[in-house]
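Naming follows writing order (A, B and C), and every chain is counted from residue 1.
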Amino acid sequence: MESFHSKFSTKVMAVTIAIAWFSVLYLVLAVTRIDPDQQMAQKIFYYHVPSAWTAGIAFLMVAVSGGYYLLTKNEKWDQVGFASAELGTLFCALVLISGPIWAKPIWGTSWSWEPRLTTVLIMFLIYIGYFLVRQFGEAGERKRRVSAAIGITAFANVPIIYLSVKFWSAEAQLHPQPAMSQQPADVFWTFMLSLLTFTLLFIHLLRYRLHVLNLQSEISGIRNDI
Amino acid sequence: MLSIENVTKRFGNTIVLKGASMNVGRGESVGLIGKNGSGKSTLLRIVSRILSCDNGSITWNGQSLMGSDVRLRKSLLYLGHEPGFYPPLSALENLQFLAGLYGLEMSSEQITEKLGEVGLNVYQKGPIRNYSRGMLQRLLLAKALLITWDLLLMDEPTSGLDTDGKGILSKVIKLWRDEGRSLFIISHNERWISAHVDRINVLENGKIEAREGKIESRGPAEMEEEP
Amino acid sequence: MNLVILIRKELLLELRSREILISMITFGASVMLLYAFAFRPTPEALREFAPGLLWTVILFVGVLALHRSHSLEKEFDAFSLLLSAPVERSTLFLSKWFGSFILLVISQVILLPIFFLFLQLPFPSKIVPFIGLFILVDLGISSAGSLLSGAVMRSRVNEFLLPLLLFPMVTPLMISAVKSTAAIMESQPFSQWKLWLQLIVSFVIVFGLVGYLIYDYVSEE
């Protein structure tokens, strides 16, 4: 099997992401305006929000691939679900780290129970449970079925989690609510580029992870034949 | 007729069934033998839809058993290696529950009669948690006497049975064969099974092959000498 | 018809074994006793915490019932009887859902008065909405719990996997339950907590539906 990194598509993707990443970095540091209230702390927004967006896409993919696995019993869908769950949890962690980094200078406290961050925390905990089930639950086909069921259930719960936390406490509505369409051009386009970069990064990492999982599956098959 | 075609089942990295195929015709009794861990129980549990297979098809009278149409399962009855009953409930309560699931309206007297046929009517009221292995096996037999079925799937039916129990088992199997009902029996005891079926298949290396050679039919009395 | 037979079996199992209801009530009462000693603020402050404390206990107690609903199926491999029988798997889910719901409600008939007694709080004057709320939330806990309990039943560490999965999953339900309970205890008008009730109903519908559709896949061996 061809090495993942030697494929032409991989190289193109990697170069594109690198260019986009450093472009965003340059735009964030040198071009976009400094918020008069939040100063430099506001700039974390260009990484914090795309991380949350990517986590959301990842968890959606866990649910969709879970559904396809239950219908088709094709192991590839389980691999997509598992890889997406890993990446979703990773990006969740980035949100939970970048949020407090921003919050400390702005709110004076690293953590407060505001809705979006709390929703991300709850999803993070749910997917830790997902991995524990895969680790300590049964092996083989039943593991894949149960994982798919958890992935579907978790995502079905997301809107309810978000709404419940949002209405929970009016005074916890501290999270900035920027209307992107009303932002100045430098902010808007930098944000959109960052969003695109994170999405491409997710796709690239997903492809890489699927490649590794596929190799592991082939090795298991060969070992079994021997 | 039960038709099993190219059934494959994997547990983790171990492929237990590799394209296993066999039939059980109408009114036929078929045995399946094989070493411990060969996949006999797995195959039976797949037919009973307790387990799903990775590939292959299983049909009953031309209709697929792998879909979710529960009506098809009414004519199949599975007697597993484990009792498959609820320990806190009595024999009577377990069978009443079972009869209800299969849509049968049966009185306590009718169920007690079935328990009597397998020698359990004296023990019908206490929780089956206290039953011995042999008593649980007799309860399984009572289940088969209670429920109406066209194909009976039996996994190691002699397990735990004493001489009397084996006698009862042999008697009812003969009765069912005489009535023209289909049986699919799994056992590792080739001598016992050869006296109770029309033909034997062997499950080895994940595949099923017919056992060549004449099967000597022996009566229950001869089988009582078996350990 | 099968559903009635299955639910009757669930309740008969508890009647015969008498294992879980006593455990639920004893455990619940013990936790409430701890609360009474651990939290010794003024009555006004306790009133503020009471809804949260109450629902925490109910969730812990609920886990006992949910875990047991599938663990009893493993002894003697009784579950294979259900899987091989001519019964829809979705009906099995409904029986587990309503069976554990009934046990939860029965335990609360005992535990709720104990809670208000131990913490020396007045029982809410609006009994009907209070009971209605508990019934809805119990339906929510038992729907999510029955699905997840079925999913982890065959795992060797299902005792800790079930709460690990269940607690984050039911967070929106618990938030809504606490807010609604607080509103009822403060005799707030319905318009003040209508939104929370809507979230609870949404949760029950979503998890009831998801469980009904996918229990077939998690129940198979």
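The criterion applied here is as follows: a residue touches a chain if its C-beta (ideal position, glycine included) is under 8 Å from a C-beta of that chain, and two chains touch if they have at least 3 such contacts.
This one's a predicted model, so the numbers in the text were calculated from it and none came from an experiment.
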Check: What is the identifier of the chain with the smallest separation between its Cα mean and the overall Cα mean?
Finding: C
Notebook entry, point to check: Counting C-beta pairs in contact, which comes out ahead: B-C or A-B?
Noted result: B-C
Next item on the list: Could you find the chain whose CA centre sits the greatest distance from that of chain A?
Entry: B
Next item on the list: Go ahead and note the Å separation of the Cα centroids belonging to chain A and chain C.
Entry: 32
Next item on the list: Can you check how far apart chain A and chain B are, centre to centre, with Cα atoms defining each centre and the answer in Å?
Entry: 50
Note to self: Could you work out how far the Cα centre of chain B sits from that of chain C, in whole Å?
What the structure shows: 38
Checklist line | Residue list for chain A, restricted to those that touch at least two other chains | finding: none
Margin query: Among all residues of chain C, which ones touch two or more of the remaining chains?
Written below: 220-221
Margin query: Two or more other chains touching the same residue: where does that happen in chain B?
Written below: 52
Notebook entry, point to check: Which bits of chain B are touching chain A when the two form their complex?
Noted result: 10-15, 52, 54
Note to self: Touching residues of chain C toward chain A in the complex: what are they?
What the structure shows: 144, 147-148, 151-152, 154-157, 161, 164-165, 167-169, 171-173, 175-176, 179, 195-196, 199, 202-203, 206-207, 210, 214, 217-218, 220-221
Next item on the list: Would you pull the chain C residues touching chain B in the complex into a rising list?
Entry: 1-2, 5-6, 9, 12-13, 16-17, 72, 75-78, 80-89, 216, 220-221
Check: Can you list the residues on chain A that touch chain C in the complex?
Finding: 70, 122, 125-126, 128-129, 132-133, 136-138, 142, 145-146, 148-150, 152-154, 156-157, 160-161, 163-165, 167-168
Checklist line | Complex contacts: residues of chain B adjacent to chain C | finding: 45, 48-52, 68, 70-74, 76-78, 80, 82-89, 93, 97-98, 100-103, 127-128, 136
